[in-house]
Amino acid sequence: MSGAKIPINLIRGSDNERCGGIAMVFNIDHIRELRNLGFAGILAGTLPSAAQQNAFLSVPLRLMAEEALWLVENGRAFFIAGSEVVIAAIQTLSLQEMKLAERKLDNFFAEQRAFKQVRHQEKLQQLGLSSEMSRTSESLLESSLFVETPNSSDLIARRVKANQFDCPEIQRALCGQLRRNCKNPGDYYVYKALKCDGYYLSPGARFGGRFIAYPGDPLRYHSHMTVQPALNYQNDPLDLLQVVSGGRLGTGVKKLWVVAGVRAQVEAATEEAVSFFSIEWAGFG
Amino acid sequence: MPKYIPNAKQYKHPLPIHPLDNLPPLISHNPLSWVYWLYKYLSSTNQLAVNIHVELSSGKHITVADPNEMLYLWRNGFFGTAQLSRSEPTWRQRTLARLGEEDSPQALEHVTQQRRLQRLEFKRQRASFEETKLSLRRQGVDESEILQQERDFLKSLRDREIQLQGQNAVSLRDSDIELFDNEDKLKELEVLELMPVEAVFLTFALPVLDMPIASLLASLCGSRPTYDEIHELCIKYAAYHHYRSHGWCVRSGIKFGCHYLLYKRGPPFHHAEYGVMVLNSEDSMDYTFYSSIARVLGGAKKSFILCYVELCESQDTVLRHWNAGRFDRVFGSYKVGEIMYRRWVPGKNRD
Amino acid sequence: MNNSSILDLVKTNLAQQQLWDSVEILKLDVPGECWVVSGMPPHKLSNDDKELEREWILPVDLQQYRSGNLTLEIADGVFTTLGCRRIVLGIANDDGTVVYYFMYKGLHKPKKN
Amino acid sequence: MSVGVIEVVEDSAVRSALVDSDAEGDELSQDWSHIAKLSKSQVVVPKRGEKDYGPDGTDAQELLLYKARKAMFDSLSDAARGTVIKNLTHAFYVPELHSAFVPKPKGSFMHTIGKVDRKGVCWLTFHELVYLAERGTITPYFKHSERQDHDLDPSLSIEDLYMLFKSPQEADEFAVYAHLKRLGFIVMNSQPRQEMTHREVPKAIPSLFQSFRSLARRQFDIFRTPTYHPLQFHLMRYTSSGQIYDALSKLIPHYVAPKTIQDLQGEKLLTLKEGDSSRSFTFDVWKPQGSFKKKAPGWPDFQVLVVNKNTKDYKFPTYSEMKLLFKNLNTKVDSLVPESLSGKTPPEKGKAQRQSKPVAPHVEQQRRLKKGYRSFILALMDDGLISFVRLTESDFGSEKVWFDPKRSPIIKSNSRNKRKTSSDRSAGK
């Protein structure tokens, strides 16, 4: 199960330490691996085969800051950050490497050509025609070769190897920047506690919460809870008007409205530092 | 069976202070009619003959106990909430019906109760079917077979529901004996409670309750309050007065998680179309605050209004007016503005 | 958290509007003047309940002119003192209505149906 | 090997389901077997039932989950980005300009995207570049500044492009841009306010008098003191409920929304003097339309502000900020003012002016209250999920909704015996 660490890109421009960045994953195999680890994330890119809708999207996969932090802190992933990774990779690109890329493309074309020729000949044979390739059909074939814009980057992959992003100091610094930039720092403790209980979590603003919690993969299971932004266990009063609207919301859609309190004094909080309460309309009054 | 009175007649007046609508006709060529008119005009008053008696308890509970006065406040602008009913006082009638004392039609609450009980029963059935389904799956029964069974089960539920409609029962508890006084008459347990803003409106803006405004406000906010102690009441009242005075029937929005609901005329006539949240003009809440209220109100087909109240004077000035008893100046220092909050669905806004 | 001012309101509401049986008021052994109401509902409140049992209601005051004072720490204290899996929040609004919400300690699964 | 295609003939039933998909359900619901129908490769996805309550440990459930995931990942893998050589369009990203140029532009995207310079080169903003690359419409390359020919400029992947965003905010804005573009909207960056004002060639120059009047009205509104006094019921006599309401409604001052073009222009004059330049909009958005001209786009249908709700510096706009945003708004007039009041505006191009039948005053009032006046769109980014909110200036203070027996249809039927009812009441008292 424990394969190599998954690279997570932090989208944030160049040398931008004050902003945390947006955590994204570009490789489909990595996305599959994350799903098996209990991270659904949100697909954010246009799906080329159905480019005029928003229900089904494609790579990149966007992760919540809390998810990315969890993955990195638990040694499942590491961050790559900064646009200079790309720029530097391109500037140090050697002629040899360019040639290599070209050759790769040529090979890809050759494969396509071979495949298409076989298909073409099969068709001709079916029709009982000569299997000789005519000039026009040859140029037709050439113009129908496919040029792909890949999801993930060879440039970055090379750079990452050389740069050794995956070292503790860099990762710690990036985690710190990401955490400092979160609106409600307590949410990370809440996230960790729910993750520890095996829940799949999604962003929940649309549904009136910080997170939506699913008992398993959201592809197959209904969500169980709308989790509120973390409260301070000792000091924050429960907003009763919000309890009313939260409870009412949940009744229609079979979801509990969950509040979580984080104890103030625990800085390096563990899971025990979070107390959960689940609220629903009592069915009368 | 009471005679049916149409709503428009029963709730003729939108406020408990009535206009002088029984003045004699003015006839231009008959000066005598002018004199008579003037006499009637001067001798009439909008004031109530006797103001309505309220009790104040624990600082903020303002209640009306007299059944006629309760009814008057309800019928003339829909003020107050009967504590044991949903809005209009119906507890007495309901209780008599429940105890089989009176042959009155079932009050709304009773019907709702019955329906809820039935629903609970069906859910119970549903749960037991889920267990059957699980065991079928464990036995490796084909998914399509399970699906078919589920359909049959749902159909049987629906049939039963149709059958059960119309049935009801009378329930009696030991404690119900205590509801009757020595003469075996039902005690008047229900009182009408006014929201503080309603009580302020009915003393300060309209002379309806038998209580001086200064002592009401002192009871709500303390006798020498700081600005912070009066602020929330002031902005909520400014908003309340704003909507009331523009003709809305304003009632508590607690069941929808907001401050007020706005009715055109009143609950018997229309559903509330707007849910209002009263905010300070510099308030900025977490997004979940807005989105959850918007979803609740949206589910009830009500528009969500963010009512912003801005203080246009210094806090000291307001407090000075407060202490001088110039509450018109206090409330007049606030300015109200509205923003409507609506979910926007791009796909439905393309043409 | 002092909730004494709304005890009678919630008690009467339970007994006379919701028709609960043997409704009583109890003082809790926690800091502050914290009271609960207990009683027997006329029927099971949730299908997930095994049997009809005595319920605990914590009256809380929804004051639209002051911020509330029920923190999660206080709620936790109530759970610990009563030793129960759920309480019912009896939220009293300033128009005299009471609305009721279940509050479970920890993560609770929603009803299946 | 299977290959993605640029345009897919979409099954109309599935298509309509997809258009509604942002009509936020109760939770995220993604049945990828739908999308498989759209892909040319036609992955056979078994029909499956609704979602389950939770994992129950059965093999049947495991299998259903396996199939659901397979459908999803097959769809992702099968839909490769790119184009056939025949349609290949190169775009070169210029890092110094943070934009890209297309030396030989072709394709229908040109109607609404890019700016063509004198040499016939099409320039793309970074959003446009990434959007077109994700669709496979163009193929992105990195332009080396020191090289003239393009042969040695490396091609870029989607990952490279995302890493080149200047800030998280820019990436969030892109997500909103792409979301709207996919639905067919035309989206441009909003101009900064200064440029906006000179673009603002007034359709009807307000006369000095008109702007003075609207200015005076505003001032009057600010300084209006209530004539209200608690003793009035001893001193005055009200002969109708309307009079009582009138007296009451003078106590609390309220904001008045500009309702006519003159009002709007009057307010603009005030704003220019105040010279506020704080929060401004992210995007101008036009509804999908065939007749769109990049050079003369006309007023946008919507203006959008993008914010990320989970970052520290995010704040839901306060009322003061919203008021500024309304003042800075530059959208089509007919979306600002309810129809009944915008009768004087010149008709929209291509749209015949509707013949409006006379409507009862209370119906018109209802419409004004429900519709409100100026509005803008707030796009909230929540870790990849976008919520759109429309914030509309409303004005309840300018409406009197107390019932008028002559107007209300319910009362109308009784109005004949109105006198009788009132005498009944006084007799009963």
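As written, the chain order gives the labels A, B, C and D, with residue 1 at the start of each chain.
By definition in this document, a contact is a pair of C-beta atoms (placed from the backbone, for glycine too) under 8 Å apart; a residue touches a chain by one contact, two chains touch by 3 or more.
Computed from a predicted structure; not experimentally measured.
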Any chain touching subunit B and subunit C at once appears in the list A
Name whichever of B-D and A-C has more C-beta pairs touching across its two chains. B-D
Would you identify the chain whose C-alpha centroid lies closest to the centroid of all protein C-alpha atoms displayed? D
Measure off the straight-line distance from the CA centroid of subunit C to the CA centroid of subunit D, and report it in whole Å. 44
Whole-Å separation of chain centres (CA-atom averages), subunit B against subunit D: 34
What is the distance in Å between the mean C-alpha positions of subunit A and subunit D? 27
Could you check subunit D for residues that touch two or more other chains and list them? 19, 21-22, 24, 53-54, 61, 64, 179, 183-184, 309, 380, 382, 387
Among the residues of subunit C, which ones contact at least 2 other chains? 13, 17, 62, 91, 99, 109, 111-113
Multi-chain contact residues (two or more partners), subunit B: 120, 130, 254-255, 259, 286-287, 291
Under the stated touch criterion, can you name all the chain pairs that qualify? A-B, A-C, A-D, B-C, B-D
Using the touch definition up top, name the residues of subunit B that touch subunit C in the complex. 57-61, 63, 80-86, 91, 95, 98, 109, 117, 120, 123-124, 126-127, 130, 171, 173-175, 179, 189-196, 198, 220-221, 232-233, 236, 251-252, 254-255, 259
Can you list the subunit A residues touching subunit D in their complex? 9, 11-14, 16, 19-22, 24, 26, 28, 31-32, 35, 41-56, 58-60, 62-65, 82-83, 85-87, 90, 93, 95, 98, 101, 111-112, 115, 142-156, 180-184, 202-207, 212, 215-224, 252-253, 255
Subunit A partner, complex, touching residues on subunit D are 1, 3-8, 10, 15, 17-19, 21-22, 24, 26-28, 30, 32, 34-35, 38-40, 51-55, 61, 64-65, 68-69, 72-73, 75-86, 88, 95, 131, 133-136, 139-140, 142, 144, 152, 154-160, 162-172, 175, 178-179, 182-184, 309-312, 314, 380, 382-385, 387
In their shared complex, at which residues does subunit B touch subunit A? 116, 120, 254-259, 286-289, 291-293, 295-296, 299
In the complex of these two chains, what residues of subunit A are touching subunit B? 183-184, 204-210, 228-229, 241-242, 244-246, 248-249, 252, 283-284
